[in-house]
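Think of it as A, B, C, D and E in the order they're written, each chain with its own count starting at 1.
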């Protein structure tokens, strides 16, 4: 049962990742792409971490997974911010191909 | 608790500690450097005595023994190379004291010593190593320190040349690393002893080829020499002397060692190596004839001489490498001493005259007689005129080639010799011509202390030829290549 | 089809790609990168050599060698990059 | 008498060690330099005298040490060596005096005398070499030591000449290296042994032995100025007069001729060489060179060039004597080694004096110089007449023995050759003497009628001229060159 | 057997090769570096698949992380120097003109010939690889035998710090040589000022710093038993240095040179001294007495970690700190 739930979480997380990647490839400018990436990846990663956490055996492992998730969440948010900030400052407003 | 220190460890660790101390105390760097050099020389002498008395010595580091751990081994050949390194190194260091004494050179002074001592650590490490991966790490130590020395002067040309050198060096090392990988795939071990008697399978042949090409790149064997002339010509004089006299020898030595332990390469392969050497002799000669600057000429002559060493190596014939390696080893020693002397002398000439354009050497009213004399002596050894060590090496080369009927190698050697006469005589003409000078010639300015080191080296290059018999018998300690049948 | 076969060939391919880059590329930064690719390729070959069929433990020695190789490579890269930066500065001052 | 086994080494060291000291002396220290030069030269003459005495008594000197396994650096003092050493020691002393005078105010004297000393050391080494390997060592040293002397003037012309000289002689040296290696591979030794070391090898592999002969003679022929390898010699005339004198009389050319002797007598052995059929072509080549040199000399107006071509011709007498393969001819050849040296050095020093004192460098300017410089010209004339072969001068003696040797060997053409050559000698020397003595000096000579040249310039040619007279007149006295050559020939032909 | 994993392996292998090609062929240098970083991370993943977690960690932290940072810094410098004073000239991050002066283009023929040549070499290597014994002989048995005497439980650490400690010492020497060379090469003030990163970044750094320190120390500590160790830990700690430098929480000053030098040589010196000093009572150099082996190894690892962290950060910083001119800009 736990396995099934875990599989469900992981699968849906993967779907978000795919969606985010499609967005990265298809969206017209850098801000839209960032939007797709951060939103999708943040959720996707959380879901996957949740799934994997359910599968993990010991509390220690669960703790580490949580740690990884939180670190990644903070890092990815900061990175996206930096990219957006840089793009804004160097005058990349409109479409960029 | 007393510490058992072996001479081999000292030969590697003394320069390392010296480098650390020189880096920590930049003001005292020169003093530390000289002391470290002197101590290292002492350790090498100690080691030589040990080897002379009891044959090849082995030190299993960590007490594990060869396949798992790393062994250090010293036999005649390695001690000879160590001796070359410390002797040349010591003299070059002495002359570096003078060459780097300028007011604007404090930065060079500060960094020369740690880099050079690190270089020495790497070179000594190569000569004592018996493990191919360890050799990889050592050549990287050498590469980084050598690049640092190349760009010591900080000029644009030097940095450019240093970058090219760096690329070539990294690529060579990586090719070598890939070869190490293939050796591991095939044999599952990395020590020299494990390589012996191995069946030459595809993977092993690939490994030999990769390592050889990598080392050829490092030692600048034609046609992989492209990086050398600029790098050696643009470095400051003591650095050039170290690079040309010692650094390329480390890679050459590894080639020698690999040939000793790897399955004997086929005759065709050896001929190919010889052809590359011949190409180097001729191309290096042509470029040296065309070179406009003294140091560039000397650098191109290094390319040619390296080629000659490979020719010596390739004329193995029926006996295999049992004899030809001696000729190669003698030429390596000869070139190390003579080229270091020549670069130092060229540096002195450049310092005194203010430029090193060969065409205008004879316009200068200043004639640094001793440096010119040193240059000429070194040239005698490099050309291979008796009784220099270079002559003995050439003799050994040609004798073997003739005995096995390889006349083509004899011809290559003779052509190389004639070309070296031709390109060095360009320089002599510049030294000895006087009718283009406007001002009165200030000649014979007495004895400059700065000339002492190069002059000693040059005399050694000539005089060692008369000691070839003891040198040869020392080289044979531990029978690096087995006994001639 | 075992991982060692797949990744071994991958490593050799990466090495070859790096080699092409090292020989053909002119841009300085890209050449450094090409060399880095070569080193990864060589690392692959060693790691693959250490690999054993899963229940067995892999051979730790090549792993140690590759770690050493990585550190050595980053040192070499740092020096090469420093040279590139310095050269760029010198060229820029020369042109001004 | 004391026994000193290291005597040959000391003789070598007198000049070898003098050289670095001379280099190191500052340019100003002229007196000290002269003292060292003359002192060492005199010391050497004494040591050589001592050595000759010991050798005549049958003492064998043999110094050796191993350079490579089986390959030795070997000095020996056999009678043939003594002959050459004695020549170089005596002439070095005389030439040194002359050079000191000649270069009194010239530039680069430290360098000059350093290399000068080295040059003599090389010559002595060549003489005492106990094997071809050692010979090669000194042969190359000689090349290197003479090069800076040849280009001493340091102008473009000198450097061009120097380059030609260097290319010829170093290429020759390289070929000699090849030959030495060939000998080493073929015979397993490079020792000089009366009777040769190649008898067996030549029997087994005559083609290789013949090839080796050609290579060795070709290599030595460069310095011996055998036609067609002589081109460097006339060009090298840009050198200062004492250098030319030394080059022609003792050092370079003679080293080549001496080497040919060693190779024919003690590497191949005269019988083996004959058996290989190599002596006749060599004799023919020598004959061609003799005639060619004389013919070229006639057409030269420059005094030194005329003398140079004369050397080309005269030195080949030695080769001829060797190649005739008869003991008597050999005596002639050896005697000529000495006699030609004495005569030629006289003439060059005299020519140098003419150039120094009167600025006369061409034959056409020689009108009346005899009256301006009688001593010098007297010496010159004596030497010239000796060259032509007028009895009882030195040249006559050697030519006489050569001719007899030719008869003995059944080679009648040699007589004709010698007569023809003497005639040609007369054709190019007599006009010079005629101009010098019997024509009035041209008013435009510009030089003072009696130029003052120092005794250091004037005395040497006169001394050597006297020696020419003595060597011819007292040819049969003990320790005369001729007597000594008989001693040698006994050794070479007894084996 | 394990089909899904084979497919995964194949896909991963293909993407690695594709990324390698892409990073060499993409025109923009920034994109090149990004692609390379992705390439490095995927390679690390592949090495995890080959049960080499230590290597994967090292590659991710040093081979990709630090190298990527170094490349980006260099690119920043190049663009700044090439573009004069401002970075605004181009359209920003993605399509700048090449940084170096445009070199003479290599003729296509030469490139093709080179490529063909390298292709042949690669093909030959592949053939040789296929011919080599798979999972052939190795050190497995030897290491297994020697592990009890090594003083540590994790085999890779045992190899690195005991069996082949000499190699590792020399590796640290390579790092030292690199930092000496870099200090020697670059001089004076930086040409390109550090980019201004904004408040979010500052906040992130403040948050991340302690976490990274903890992680780095943990990696070092765990190295004795499990994947991790001095190099990985050092690289993670170096990230602290990078953060400090980038946030300008720490600005190198000339007065710090001595300390920096000391930190660079600390690892090498400690390692070499221990290696030499244990050689007594019949032991040779590098032969730790068994009862102290673990302590000594940890000591060495600690020192080496510190050195590696400081050295890598210094390599990133690039130059010896010099005195600021009055009113001058920051030297970063």
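Here, a contact is a pair of C-beta atoms (placed from the backbone, for glycine too) under 8 Å apart; a residue touches a chain by one contact, two chains touch by 3 or more.
If you're wondering where the values come from, they're calculated on a predicted model, not measured in any experiment.
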- Neighbouring chains shared between chain A and chain C, ordered by label: E
- Item | Shortest contact path, chain B to chain C, counted in steps | 1
- Treat touching chains as neighbours and tell me the shortest step distance from chain C to chain E. 1
- When A-E and B-E are ranked by contacting C-beta pairs, first comes B-E
- Query: Which chain, with its centre taken as the mean C-alpha position, is closest to the global C-alpha centre?
  - Reply: B
- What is the chain whose Cα centre is as far as it gets from that of chain A? D
- Task: Could you please state the distance in Å, as a whole number, between where the Cα atoms of chain B are centred and where those of chain D are centred?
- Result: 42
- Message: What's the distance between the Cα centroids of chain A and chain D, rounded to whole Å?
- Response: 97
- Centre to centre, by mean C-alpha position, how many angstrom separate chain D and chain E? 73
- chain C to chain D: how many Å between their CA centres? 68
- Counting only residues that touch at least 2 other chains, which ones in chain D make the list? none
- Residues of chain E that touch two or more other chains: which are they? 125, 129, 136, 138-139, 143, 163-164, 167, 171, 174, 177-178, 181, 185, 187
- Query: Pairwise, which chains touch?
  - Reply: A-E, B-C, B-D, B-E, C-E
- Message: Which residues of chain E touch chain C once you look at their complex with the stated criterion?
- Response: 5-6, 9-10, 13, 16-17, 20-21, 23-24, 29, 32-33, 36, 39-40, 43, 46-47, 49-52, 54-55, 58-59, 62-63, 66-67, 70-71, 73-75, 77-78, 81-82, 98-101, 103-106, 110-111, 114-115, 117-119, 121-122, 125-126, 129, 134-136, 138-140, 143, 155-156, 158-160, 163-164, 167-168, 171, 174-175, 177-179, 181-182, 185-187, 191, 231, 308, 312, 315-316, 318
- Interface with chain B, chain C side, in the complex: residues 15, 22, 28, 31, 35, 38-39, 41-42, 45-46, 48-49, 59, 61-62, 65, 68-69, 72-73, 75-76, 79-80, 83-84, 86-87, 90-91, 94
- What does chain B use to touch chain D in their complex? 369, 373, 380, 385-387, 392, 394-396, 398-399, 402-403, 410, 414, 417-418, 421-422, 425, 428-429, 432-435, 441, 443-444, 446-447, 465-466, 468-469, 472
- Message: Which stretch or stretches of chain A touch chain E in the complex?
- Response: 71, 74-75, 77-78, 81-82, 85-87, 90-92, 96
- Query: Tell me, which parts of chain C touch chain E in their complex?
  - Reply: 1-10, 12-21, 23-30, 32-34, 36-37, 39-40, 43-45, 47-54, 56-68, 70-79, 81-86, 88-89, 91-92
